[in-house]
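Have a look at these structures, which come just after this line.
Next come two complexes, and both contain subunit A; in the first it sits with subunit B, in the second with subunit C.
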Partner chain A sequence: MFGSGSYLQGKRKSGGKSDKRSARAERHEQEQLQPFAGLPLGVSLEKNMELIKRELGESQDIIFRCLQLKDAESTKALIVYVQGMVDDERLNEFILQPLHREDFPGEGELSPKGMLERMKNKQLSTGIVLDISDWKLFFQKLFMGYAIIMLEGSDTALGASVVGGERRGIEEPKTEMAIRGPREGFTESIRVNTSMIRRKIRSPKLWLEQWTIGEISQTPVSIMYVKGLADENVLADLRERLESIRIDGVLESGYIEELISDQKWSPFPTVINIERPDAVAGNLLEGRIVILIDGTPFVLIVPAILNMFFQASEDYYQRFDIATFLRMLRFVSFLIALMMPSVYIAIVGYHQEMIPTQLLLKLAAQREGVPFPAYLEAFIMEFVFEILREAVVRMPSAAGNTISIVGGLVIGQSVVEAGIVSPAVVIVVAFTAISSFVSPAYSLGIAARLLRFLLLLAASTLGFYGIGLVVLLLLLHLSNIRSFGMPYLKPFAPSYFRDMKDTLVRAPMWLMRNRPERLASENKVRQNIVIEPRKEPEQ
Partner chain B sequence: MSGGARKPRLRPDSLGVKLALLAVLCGTMSLLGGCWDQRYLDKLGVVMALGIDADPTGKQEFLVTVQVVLPQNVAAESKGGLGGAPVTTFSEAGKTLFEALRKMSSKTSRRLFFSHTQLVVIGESAARKGIYPLVDLIERNPDIRSDISIVCTRGIKAQQLLQMTTQMENIPVNQFREMLDVNQSAYGTNYAVYVKDIIRIRGKGQKQAVLPSIRADGDKLTGRTVDNVSQIPPAEIPVLSTMAVFREGKLVDYLKPKESRGLSWLHDKVKSTVINLACPQADGYLVVEVQEASTGYKIKSDEEGMPVVNAEIRLTGSVQEIMCPDLDVMNEGVLNNIGELAAKAVKDEAEAAIIRLQKKLRTDALGWGKEIYLKAPSIWKRIEDDWPDVFPRVNSTVTCNVKIAGSGTRGESILK
Partner chain C sequence: MGKYAGINNTMISSGQCAKILFLFALGSAALILPTAVTVIAKQDAWISMLLAGPINYFVVMIYLALADRFPNLTLAQYSEKVIGTWAGKAFTLTFVFFMLLLSALVLRNISDFITLSVLPLTPLWFINVTFMVVIIYGVYLGIETIARTGEIIFSWGMFVMTILVFALFSQFNFHNFEPFLYEGWMRPVKGIYPILGFPIGEFVFLTAILPLIKQEDRQKLRKHLKLSVVLISTMSILMVVFLLGVMGVYEASRSPFAIYDMVKYINIEEILVRVEVLVAVIWVGTVFMKLALCVYTLSVMSAQMLKLATYRPLVAPYAFIIVPLSMIVYRNNAHANHFAMEVWTVYSVFQGVVLPLGLLLVAVIRGKKDFSDGSFPEPKKVEKKAGGEKGAGGTSGGAAGGDPSPA
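Now for the complex of A and B:
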C-alpha cells in the first residue's frame, strides 16, 4: 500500500544505484545474443557453415541443405532451417522447388548478390523475404522458423518465412467458459492470436507494436490497441515498462504481468489475463491495451481495475436483466468467498447473541463434544480444502474419481461422523469453496483465497471487530492501488456516476452511450516504474 | 542493501517506518474493543427464561429460576444425544437477582448466557411485592435484551411453570411465547408485554402496568417429567389466563376474560378475533370474525376543565358462522344490522374493562393519563399531581364502528 509513493522517491534519490544497475544490465546483455550484434556474415559458404555449427554446438535439428542452382552449377547455395519450426510443405513448395526446377540463367553475368536479388524477386514465393547481413538477425530469424538461403560469395543471405510446425489448434477456452458466445479461445501462437483479434475488429485503427523480450528466449511480445481510444500516456508508460525488461526468458504472460505491475506487493491483480478473443476485443474498444505473448493463450490487458474482474464476456451477450443479476451474484459470492468462514468464526466464538436462537441451538448441538475450538476447526478444514483443490489441479486426470471419493466422502463425511469436526464448519467451507469459483477471473479468486486466511486469523482473535479492522485496511489498500494511473476502485472511488452503468449492474446496451471515462489522461502523477530485472526486492 | 550507505537509516517516509506506524496503529486499535470476550459455544449454558418468585423460606428476597437449554437434547438427530429433557432449570435464592444468578455457578457446569433469554416469568408472589425492582437488572445489563416478553403466573410459582414440560414445542419457553402470539393474533384476550414497555411506562403519564398471565392445568407431579409429553393429552399444560393489573408495580388483580379482551380493544392490541352474537330474530348464534381493528383516542375537556376521553374502535369483519335459520346475509341491510350488533358487543367489552379498571381497581392501566399527556398537555399539567384521584372521575365515551365485509365463501344459511 505504500508501494507507489516511496518507490518513486527511492528511484529519484538514488542516482548512483541506477548507474550501477544499467551497467549490470549491459553486462547481462553482452552475455547473451549481443556478441553477434553487427557481426557481418562472411563471404565463404564453408566458413559460414562452420561458424553456425560451432555456435550451435552441432545441434542435430539444424538442417543444412546444400543445393545446386539450375543453370548456375558453379554457384553453391545453402539453405539453413530448424526442423520442426518450419512448415515442410511450404518449404518444399515455395523454396526448394522453385530453386531446383526453374531456370537460373545468367551465371557469370550476375554477382552472387545480384543472384540473391533475382531469387528474392522472381523465385521465392513466400510472403516475407528479407535480407540478412549480420549474425544477430540470422540467428533470430533462424529460430523463429525462417529458412535462410545463403550463396557462395555473398555476404548477405535471404530469410524466407516458412514459419510452421505443429501447434495446438484453436479450441474452446478452458478457463472462461460461456454458455453463449464464441467458442474460440486463444492459442499458443501469437500470430494466430493477433489474427483472431483482427477478425473481431476490422479497423485500420487497430494498431500493433512488437518487441522481442527475453535475452535468451527471444519471445515475440506484441501490444495491440485502438488508436485514438487508447490513452497515449498509458501507451507510453507501457512501452517504457516493456522496453526496460531484461530477463532471460518469457515463458508465459505471467512473467510480463509481474514485471509491469504497479503493485508488486498487493494480492490484488492490476493486470488482467484473458483467454477469450471476444473479451479482449471488448476491452480494446473501451480503450484498453492488450499485450500478447508468444507461447501462451493468456493475453494481458491494462489498465485493469477491480470492477473488470467481475465482468464476464457473456454479460454482454445476454439480456441486461439477467446479466445484472449475475453481476450482483458475483459480487456477493466474492464477499462470501472472502468472509464467510471468518464471519462464522466470529459469530460462534464471540457474538453468539447475533444469531437467531434456533440457529444458535442447532450450532451448539453440533459443537457438543467437538474436540477443537471453532477457529481451529475452520483453519483445519480450509487448509484441507486447499490441499484437495491443489491435488485436483495437479493430479493425472485418471485419478480424478479417487480424489473426489477420498476428498468428498472420506474427509467430508467421516470427519463429521467421527465427531472431530462439526457439520456447520463443513457446510461453511463447502459453501465458501463453491462461491470462490463463481468469479470469472481466476486471478481475483486467488486474492480472495489468500485474504480469507488473514480474515480468519483476525476473526479468531478479535471477532467482528477484527474483521472490521481487516476490511478497513483492505479498503484503504484498494483505494491506494493504481493500475497504469487508473484508480483501482474506479468508478466507485473516485466516483464516476456515468461509469456505474457497467459495474454492479449491466445497463441495457441502449443506455451505454459513452465509453468509460478516460481517467488516466487527466491523472498527472503517473507511476513510471522502471522494471528492474533480477533485483532483490526492495525491503 | 547495496545502495543504502548514502541515505540515512530511517527516513520518515520509508516503507519500514510506515509499516511500523501501521503496526502501532493496529495495536492501539485493538485496545478499543471494549467489553467482549471469546466464549466457546460449547461452554455456554443458553438461558431461555428467567423466573422470579418471592423466596418461600423468607430468608432471602427472591428465588430465581433459570431455564437452560441442553442443546444435545434439542436436536434429536445429532450424535451423542441422550434423549433426555431438552431443558433443565436451576434455582437459587438471593437478596438481589444478580447475586442469585451468580450463586448458580455452584450448580452449573457452563457459564450462563443471557443474550438469548426470551421470557421473564414473574411469579404471583413476587408480582405482589412489585415488579419494578425486577426489571432494572434486565434493562441495566448489556447481555440481556429488553425487548423480551414478560409474563406473570396465576396460582403457581414461576419456578413451577418453568419446570413444566410441553408437548407442542420442545423448549417450554417457546410454548409460552408462541401461545401468547397466537392468542393475541387469533383471539385477543391477552397480548404480549415486553420489558421495554414496563420501563417506558415509568415516564410521563403515570400509566400502570398490565401483564399477561399463565396458569397451569392438570397434574403437577407428572407435569415436570418427560412422561408428561409422552401421553395424549399431557397430564399438565400451561394455559394463558387473562391480563393481570398492577398498581405502582404491584399486582392487584386479574381481569375477567371479557374485561381482558376489552382492555385489548382499548389498547389496540387485537389483530383478529371472533365475536359471538345472538341471532337477530331467532334462537342460535352467529359469529363475526374481526379481520382488522384499530383504536384511536380523542381528548376533550368539559366545562369544568376535566378531560373527557373518547375511544373510537373501528373494525372490519365478516360473518363466518351462522347458526340461525333464515338469515339473509346476501342482503346488505342485514349485514349492517349484524355490524351494529357486533359494535355493541365490542363496546360492552370495552366498557366492562373501563368500569373494572376505573371504578373498581382505580388503576390507570388504560393509559389514559398518557393519552391526555400526549394529546392535551395543558390539561395534563393541571391534573398531573393528583391523577390517581382524578382518574376514577374521568368521563369517557366508547364508540365502535363495525364494517361487515362479507359472509365467507357461502351466501345464505343452510339452516331453513
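Now for the complex of A and C:
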C-alpha cells in the first residue's frame, strides 16, 4: 500500500508469491482449458470432424461444410466456421466459390499438402491465410472468426480470415460529449478502434503489440504507443504486468485496469479510460501508452496522473482563454463536489460566526422545527441522492421521467414542505450533485463521491479541524501514489513549472513547445518551428 | 529487515527542501512568535524580525558547511566520524532528546490552539491523538511524500496569505507604528531573543534532510535556501507589520494567537467575516509539516544512532511517547509562553547552533571529510530487481527468498 521508493515501483511479480500463482495457473491450464496444446491434427477428415464435434459438445452454431473438390473426385474438403462470427458474403465469395469453380489437377498429381499449398497461393483470395497444424491454434482461430479448411489426407489445415458478423457501428461517444471536435467514438471491435487511432496518427512510429489475455475468454488486448516518445521503462513495466495476468476472462477494460494499476487500495484512479479517439491520439503524442481491449469502447491510458482527469479533449479545440476558464471551473467544481456538504456542516455545526448575521438568521429560521441535527440531514440527503443517481443509471430509459418527477418533486420539495429537512441542506446537496457531474472523467467523480462521506463524518465530529485532518490525509495519500512510476500530483508536487502550462491553465498552443517532462525524456520538443502571434512593427 | 527498508533513501529536490524549510520556520512560529516579539519590542517588533533575517542564514550556513564536508551523511552519522563512535552517539542522543521535546511542544501548540480557539469543548488528548495519527501516516510514507505534501501546502498557504493581506488593508493604521524607535535600538535587538530559539535553533532538522537532496540539484541548493530564508524573513516581517498595523501593540501583545485574532478583523461588506478558521486550517497544515519533519528527524537520527536498517519501526513508538509528553510539558498556555520566550531559546540555540558549530570546528581542525554514502541499506528485493530487470521476469526464483516479513 505504501509503495516502494524506486522509480518504477509496484513490480508485484517479485517474491515467492508469483511463482506459486503462475504454477497454479499452469496446472489449471494443463488440466482443463487447453487439452490440445501441441496436439497435432489428424490425417483423417472423418476423425477430425468427430473430434471437433465431441470437444464442442455438438454445438449447433459450428458449421461443417463438406465439399468435393472438382476433378479430384475422392479428395474431400471440409470447411469449419462459427456462424455469426464470419462474414457470410466474404465466405461465399472468397472461399466457397473459388474452391468450387477452380479446376483441380487430377488425383495423384498433387499430394494433399500440395493441394493445400495451391489453394493458399492461387485460390483463396482473403487477406490472411495461415497454416494450422495443432488443435490449440485451430480452436483459437475458429473462435476468432476464421474459416478453417481441412483436406482429407493432410495433417495441416488452412485458416482464412473472414472475420465479420454484426457489430455496432461507429457512433458518437456516449460518455465524453463535446460541442466541438470529432463526432466518432470507439466501438467494441478492437480492430476498428486501432484503425481509428491510426487514422489520427499516420506515422510508422505508431507501434502496436498484441496479447491474448483471459484463459477462457481469449480476449485480444493491444497496446499502442509512439516509439521514441513513450517511456521505455513504463513500457517494460506495462508488458510485465500484462503478461503476469492470469484470469478466466477479460470482459471490459475495467478488469485490466484493476489488475495493472499500482494502487490497489486507493479511491483515486491511476489508469484513465477514454472513449474518444482524438483524446487517445493526443495522449499518444504526449508519450503515453494506450491499452485497447476487444469488446469495449473504453480504452485505457497509462500513466494517468490527477491532472489528466481534468482535461477534456475540447480544451485543445477551443481558444486558450475559455479553455483555461473551463479548466479552473472543473477544479473548483471537483472541490465543491468533494467538500461542500462537509464545509456546510462544519460552519453550521461549529463555526456559526463565519456566517453573516442576516444569513444566519435565515438559516436558523429554516431550521426551526427540523427534527434532525444538520449533519444527519446532510447524510440522509446525500444518501437519497446517491440512490436516485443509481436508479437513473440502471433503470430502463422509459422510466426516466417518473424517476425525475418522484425524485425531484416528491422527495425534493415535499421533505422541505413537511419540515423534515431544511431547504439549505437540499440546496447544498443539489449544488454538490451538479458539481459532481462537471468532471470530464467519471472515474475521478467516483472518488469524490466516496470521499465526500468521509469528509462529512470528519466535519460532523470535529468541524473544520476534522476537515483539515482528512484533507491532510488525502494530500499525503495523493503525494504518495504513483501511476507507473509517475508521481500522481505531478506537476504540482513535485513541481515542474514548465508543465504547469497544461494544468490549471491551458496555455496558448504557441506556448506549449515542449512535451510533458519525465514522459518523454529524449524527445522534448513538440513544435520545432513556432508560429507566434505577429507583433505590430514598431513605429 | 523491514519490507520498506530504504524507502527513506528517496531523494527530494532542492526546491522542495527550500519549501520545507519555509514551512518549518513558519510552522508553529507564525501564530505564537509575533506575540512574543511584540511583548519585548513593542511597535518596533518588525525591526527585530528584519534583524533576525541574516541570523537565519548564518545558521543555515553552518549546516551547509557541514553538508559540504559530509554530503551524504546526516548529523547522527558524521558526528561519529568527527568525534568518535561513542562520543558521537552521545552527541546524537542530545539531539534525539531535543527533537523529542520539540515534537511534544509543537503538538501541544496545535492542540492548545485548537482547544482554545476552535473546538473549546473537545479534550486536549483527543486533538493530540487525531493529529498524531496523521503524523504517523505521513512520516511512515517517507520524506518524499512529506516534501510533496509540503509543496501543495506551500502554494495554498501563500495563496491564502495573499488574500488575507489584501483583505486587511482596509483595517491598516500607520499610527500604530509610532513612535518609531522610541527607546532606541536596544528594544528591537532584545526582540530577537525569542526568534533565536524559536524557530532558528530548530532548523537543525535540516541536517537530516540535506543528504537526501538529489545530486544534480546540489548546486542550486544554496540559491534555493537563500531564497527560502529571504521569504521567511519577508513573511515574518509582513505578519508582524500587519499585526501591529491592524491590532496595535497592546492588543497584539495580549493575544495568545495573534495572527488568528488579527484575521477576525477581516470584514468585507459584511459577507466575508470571521474567516479566521481558514487560517486555522492552513495553520494545521503548516504545523503538520513542522511536526512531521520533527518526528521524521527524530526517528531517522535514532535509527542511525542505533544502526537500524530503517527508521520506520520507531515512528509509532515515538508517537506513543510524544502524545503523553505533550500533555505534561506545559501546565497551561501562560506557562507555555513563559517557557517559549525564556527557557527554550537557551536550549534550542545550544542544540541548534552551538553544538553543530562546535562539531564543524572540530571537523575543520581535524580535517575530517567523508563522502561515503550514509543511506539506509537497500532491501534485498530491490537489488535483485535492478540486476534482473532486463530478463523477462526470469528472476522471480532468485527473489523468492527476499520477501521479508513486514516491519
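Note that in this section the second predicted complex is superposed on the first by the 496 of 539 C-alpha atoms of A that agree within 3 Å, B and C clash if a C-alpha of one lies under 4 Å from a C-alpha of the other, contacts with A are read in each partner's own complex, and residues count from 1 in each chain.
Assume contacts are C-beta pairs under 8 Å (C-beta built on N, C-alpha and C of every residue); 3 or more make two chains touch, one makes a residue touch a chain.
Computed from a predicted model, the values in this text were never measured in an experiment.
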Legend entry - Partner chain in contact with A:Ala493 - subunit B first, subunit C second, else both or neither: second
**Request:** Figure out whether A:Gly42 sits in contact with subunit B (first) or subunit C (second), or with both, or with neither.
**Result:** neither
A:Leu469 contacts which: subunit B (first), subunit C (second), both, neither? both
Which of subunit B and subunit C A:Ser479 touches, first, second, both or neither
second
* Which partner does A:Tyr350 contact after superposing on A: first (subunit B), second (subunit C), both, neither? -> both
Between subunit B and subunit C, whom does A:Glu240 touch in the aligned arrangement: first, second, both, or neither?
second
Both subunit B and subunit C touch subunit A at residues 2, 5-6, 13-14, 16-17, 350, 353, 357, 462-463, 465, 469, 473
Subunit B residues touching subunit A in their complex are 1-3, 6-7, 13-16, 18-19, 26, 29-30, 33, 36-42, 44, 46, 48, 69, 71-72, 74-75, 78-81, 113, 115-116, 118, 143, 171
So, in the complex, the side of subunit A touching subunit C is made of residues 2, 4-6, 11, 13-19, 236, 240, 243-244, 350-351, 353-354, 356-358, 462-469, 471-473, 475-476, 479-480, 487, 489, 492-495
Subunit C residues touching subunit A in their complex are 4, 6-10, 13, 15-16, 114, 118-119, 122, 127, 130-131, 134, 137-138, 140-142, 144-153, 155, 270-271, 273-275, 277-278, 280-281, 284-285, 288, 381-382, 384-385, 389, 392-393, 395-397, 399-403
Subunit A contacts subunit B in the complex at 2, 5-6, 9, 13-14, 16-17, 20, 348-350, 352-353, 357, 360-370, 373-374, 417, 419, 462-463, 465, 469, 473, 536, 538-539
